[in-house]
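Lettered A, B, C and D in written order, each chain numbered from 1.
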Amino acid sequence: MSSHDNMPEMSLYQPVQVEDAIGIATELAGRGWLVGGGQDTYGWLKDRAKTADALIDLKGIESMRGIKETADGIEIGALVTLTEITRDPIIKERYSLLAQAAGRVASPQIRNVGTLAGNVSQDVRCWYYRRGLNCYRAGGNLCYADTPEGMNREHAIFNASRCVAVTPSDTGPALVALEAQMVIQNASGQRVVPAEDFFIGPNLDIRHTTILRPGDILTAVRIPAKWANATFYFEKVADRNAWDFALVSISAAMRVNNGVIEDSRIMVGAVQATPRRLTSVEQAIRGKPRNESTANSLGNLASSDANPLNYNHFKMPLMDNLVKRAVRGQA
Amino acid sequence: MDIIRYRNNVWGEEVILGVSWDLLWVVAVTAFLLLAAHAIFMAALAKKKAKPSSEGKRVNRHDAIDRAFHWIMAGSVLTLIFTGISPIVGIRISWLNIHWIAGLILTFVVIFHTIRALFWQDFKSMLLGPNDFKEPFDESVKPGKYSFEQKGMHWAMTVLVIAVIATGLTLFTHIDSPWWERPSVDNEGTLGIFFLLHGTATLALIAFTAIHIYFALRPEKRFYTRSMVTGWISEAEMKENHDPSKWKAE
Amino acid sequence: MDVAPQETLAHTLRYKLGLTGTKLGCNRGECGACTVLADDVNIYACSTLTHEVKNRAVVTVEGLRAADGTLHPVQAAFIEELSPACGFCTAGQVMSAVALLKANPRPTREEARLAMSGNVCRCGAYDHYLNGVMRASGQLS
Amino acid sequence: MTYMHIGKDFTPPDVEGKVTGAARYAEDFKKDGMVFARLLGSPIPAGRVVSIDASAALAIPGVLGIFTADDLPPAPPPSNPALAKEWVTYIGQPILAVAAESDHLAEEALSKIVVEYQRRPFVVDPLDTLTEGGPDPYPNGNTLIRNAGEAAAGTTASGTDVGRVKWSIDQVAAFRAGREPVGAQFGDEWSYGDVAARFAECSTVIEEPFVTIGQPHHSLESRTGMAYWENGKCYFHGSLQSHTVGHDALSAMLEIDPANLVFINENTGGGFGSKIFPYPMMAVTGRFARKLNRPVQLRITRAEEFYIGSARSGMQGWIKIGLKDDGRVGAVDVAIVNDAGSGGGGSASSSAEHISIMFQPEAMRFRGLAMYTNTTPRGAQRGPGQNEMAAVLAPMIDKAANLAGVDRVAMRRLNAPRMDGKIGARQGGISSSYMPEAIDKAAQMFNWDQKRSLPREISATKVRGIGVGQGFHTAGSNGYDGLIRIAPDGTIYLHTGVGNLGTYSYAGVVRAAAEALQCDWDNCVVVHGHGDLNLPHSTYQGGSNTMFTETRSSHVAALDVIQKLKEIAAAEFGGAADDYSIGGERVFRTSDSSKGMSYGEAAQKAIAMGGKYSGMEYPDDIHRTTVRSVQAMQGTGLIGVAKDTLPRSGAVPGMAIAFCEIELDKETGKFDIVDYTAVAECGTVVHPKGLRQAMNGGGIWGFGMAGFERHVYDPQNGLPANVGLYQSKPPTYLDVPVHMNTAGNDMPDPQSPVGARGIGEPAQGCAVAALMSAIADALDGHLFNRTPVTADMIINHVAQNGFNTGNLKTNTF
């Protein structure tokens, strides 16, 4: 078993036009690796747990930067850093949910370079998988985490399909809650996909967490005006308050009128491979006052159909508690 | 191109992971080329023979229950092949549950068929005897209920289906199901061998399924296919293709 | 100087330029010992390709002294507060503090704590580094 | 007592280098022709190396060679070999090193080397191997047995072997369930007093199980060495906590005369017990350099630091505590099984020692056993034994005190050691203790009386927890050498062989010499960190040991200087040495201060007089390391050198008391530490900022141990989960208090010339104990019986979902 600290030899492309980047990515296909902030790239490569022939550094592409207002909301360039999101006046004012989620990612230095696109595209954090073991997600025949004695405290309680890893993204659930649209470009053009469909679970593709395929580049994220200035609740519970990935996170957007919840989108992170939408909770609170009693009436509705592993039962009460906090509006 | 895929196990030892899916393309291309060659050969060289009439007296060839079995089996096999291949070729469907449910259906119908064939059907009519081997070389020898090719296809399918079922059931025990949780894997190499066998049998099954479908669709054999839908063939078709002395039709 | 395409900034600084003040604690972006500034923003040099910052102004701990040799106020304050313990994380702590004070010259202690939170100190000298930040920003005397 | 230097803040000379980046650590050194070495680790938890094929690696241009176990003296179990061959006992264990012209090439070579292994059964839980029929981590057993004399602390044990001990399934089951394993075999036992009789007198008796984790050190500098050979001498840039005390051991590892080793180690990026003595990897660095005849830098990765950096031993135990009506601890019975990893040992006896001194039970029994497992080797880590015991004991003591109806702090004060305190099996005495006063001081700083009556409920979901805890470690020794040189220009060179592990004690201790010499600190130069700088034989730096031990050796060297100054002055001005005094860096006739000379002039005179004055002669009881240093400085000034033979008796206790107030969120399992107050009972405060640094740093370690740091092995395959920092979870800025409030008790210990004892380790013990106590308090006294208590456990407890404990194990947190 070798432990490495050097990057493996590989080539580097630094295109300045998105079309060039797509061309290179298409040509390299599976042997190319897109780099935004790179914060979920270099560890994989240094550990030799994944390999690629070439890095395609997208940071030189100006068209993928910046946050701009559109007719229906805003468009955030894929290369916008998490720090920029936390500081952007429009996002802070209208979509504070996203700003809060971005502000809880990893550490300041990682937020300074880590991009929104990278945060939603990052790979799962299952420790077996990250060790470079040949599990299902790595193309193998088995899962080391979901076994009678597997150490799976951080793993999924819903929708596992052979792989039990969870989505590590803090901004992903927030984007789904805001009904964001993901703008994806490839050689045959551009397509716009709802954030909800952008994330995919192991039942659909055990080796990927998003619908992106080689040659696809996530160039921007659009957030519609629908949830602008809505009532938001974000909370992330992690072991340590810096660096660590969520044990469970909640991203909720609500339309509250005269204290009554007219509509809501309640998303939970880190309980399954994709952001989990709690439609049953959304229905249960529709038309109800946003208060303690509505929150308490939910009981364990959110976690009732969970399927916990050996060490992650705590995620059930934790997510129920976070849902209650979101519904009643305070910690 | 590899035949077998190898990976390191949890302790860095090289073990078999399974069959190389490159072979899927080999099988697909080979089967296509062979069948295309056969089609061309038949079209160009085979002498035009008048097709026996499907009118007239009907002879029962397959009971409804056996036809149902066949089509359930066909459906489950095709479902299994499609769901099994989709993740390999990059089709994103939620395949796993469909796959094992289809596998269980296949298992049950095969068990049903086996029992029925052994006790209620004319089991001997499917046995391959020395005489059967004369059939391809002597045009005067006509088969009983099943031709040499049909018997061959049946037994090949039997072996392959049992192989995929046996290996598939073993693999099924290694995933979560409504009845059990997945176990720990003591020996990844053994698991890999099951994957290898399942994959290899699947490749062969795909090839034979392709051949089977091809012949089922060939004009001169289509009446058999009809009989698998309707249950009967015409007396003319029977006389043309079978030796009534060997097939005591009811 | 020849920089390989995949080379990290930390590697270039330490092994090509001999700027060994920037430390490698984990080399995975999990400790902060390699923190440097790129255009006044603190980043992990272990998790940045040198080619990524070729058009940016990179400052390491060695580059903080004034032209006349005077220590940077953060450095002076860290000495005064006996902020470093073993010292291995110190360069990174200094750089994060410098980045913070450029963006926010008079942070509250809570703001300082958030801004410094990407730097682990295994010796646990956090209180002393925070004192140093408050001193460097003129809020502690 | 009014001191010139003691108790005053100062700026240690190495701080500036740390903030400017000029301070150099082992991996910052370059040497012409230097090559880079990397280790290859075992992918299997147990087995043996069958063969190594490095031909493909060696065929790469620039790859210079490999170094295997065959290049080292044999190291049969239970020694922890630098490179394994016949006995591979944990995943990540180094098998070989490879060297190349660049680090990049060395790493490329690693992936080209094919090692064939034969696997053996493995076990990662100490109770699994202890159970009859359970697998053994070594082919010949599961525990260390001594078949000869005791080995020195921290060194590779000699006269030891691997043996086997098993318990019946019932005994193990009882132990796991928190009951006494009746009749079970232990490896280490002691007791004093009539335990049964004292329990009979107790009105409150509790019995509890407990488990603590093994915790990786993860010093921020992953251990590195750079060695080269010139003219038969080995120059070794290393990373140790101690300096000269390791010299002979490192020489032995390299099989050279100690005179031919130059060990250079001015800065060390953390050690926390894992670098007290030379560690096995250093043999590879030095010997590989000799084999290749090139300077070799061997640096390891963060993951390798987890594997070979040693770790705290986890423990699993059972305890019975009896309190009398008035809250006095009548008797304690404790049984501990340690997880010794694949090497090293447990510290169970030290755990019991913590109880014996902190609560002075009238009678006590201890039984301990250290089991090997196929996990990373264990070694000393900040208060080994004592601190993890402090962690699990604090909430239990709270429970007992509450049951007995005594205030938790009053109960601790009642039982705290006083000047006549006793410790351990032999109930020996201690040098001094002002623990009751320290408790009073801390309770007042924390405002215990007011806080304990605060409502527990803060809001619908938040509860307050108030905790108190104590830490202890023996904190001092004696018998090392002090060395001082006054140069002809009057500069005072204070030589110390103390290492620089980040506590600034290397500078703090020589302040005791400056104090005795009554000299201006600006005229002093601290000489340390480089073998060519003529350093004395100084103490090992572990066990909070330095401050007491080395202020003594500094003091005796200073006394020697003073005596020589007076003799020189007497030779110049007549009379007896006793007629002279010092002051203002002069030695002068007490009755006529005009008859005197400056230190510089005295040094010039010393050179002229020769003999013992200029180091031409030296005491015959000083260590050979010191002898070499004196010899190298002969005739260069006034040399003061002496071995510490000052009187000493009893254990030297370093102690601390801490208070903690937390706000715990019952819905998320998270808590904020809103007040942390601690007082060190460590004698006179030598360096106030340094003391706070030690207390605060120890506090952070305590918080990490109590609530965050993890040690996880998968029992199915022996894989460790937390090789990286984000999985091991050392606390960050955001997990600890915004302010920490720490101070010293500042009561002098009579056995130190400046009254000082050490404090490094109790600083963690008191913090982890106080936080564990506060968590239990916030949850209505619920005992988790383990550390760490992470958010998930608190959530499970609050939810009462029954999923909290499972089997308590040392490697599954």
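Before moving on, here are some points about what is shown:
Throughout what follows, a residue touches a chain if its C-beta (ideal position, glycine included) is under 8 Å from a C-beta of that chain, and two chains touch if they have at least 3 such contacts.
Note that this is a predicted model, so its numbers are computed, not measured.
Chain pairs B-D and A-D differ in how many C-beta pairs they share in contact, with the greater number at A-D.
Chain D has its Cα centroid 70 Å from the Cα centroid of chain B.
Centroid to centroid, with C-alpha atoms defining each point, chain A and chain D lie 42 Å apart. Look at where the CA atoms of chain A average out and do the same for chain C: the two points lie 29 Å apart.
Shared contact sites, meaning residues of chain A that touch two or more other chains, fall at 1, 5-6, 9, 107, 144, 147-150, 241-243. Annotation for chain C: residues 24, 27-28, 30, 114, 116-117 touch two or more other chains.
Looking at chain B, one finds that residues 10, 12, 184 touch two or more other chains. Contact topology of the protein chains: irregular, matching none of line, ring, star or complete. Contact residues on chain B toward chain D in their complex (touch as defined above): 10-13, 184. Contact residues on chain D toward chain C in their complex (touch as defined above): 9, 11-12, 14-25, 27-28, 30, 103, 218-222, 267-272, 301-302, 501-504, 689-690, 692-693, 696-701, 724-726, 730-734, 736-740.
Residue ranges of chain C in contact with chain D, taken from their complex: 14-15, 18-28, 30-31, 33, 60-62, 64-65, 71, 74-75, 78-79, 81-91, 94, 109-110, 113-114, 116-117, 119-128, 130. Every residue of chain D that touches chain A in the complex is listed here, in rising order: 38-43, 91-92, 103-104, 107-108, 110-111, 299-301, 303-304, 460-461, 665, 667-670, 708, 712-717, 719, 721-722, 725-727, 729, 731-735, 790-793, 795-796, 798-799, 801, 803, 806, 812. Contact residues of chain A toward chain D in the complex are 1-6, 9, 48, 107, 127-128, 131, 144, 147-151, 153, 235, 237, 239-244, 247, 292, 308, 310-314, 316-318, 321-322, 324-325, 331.
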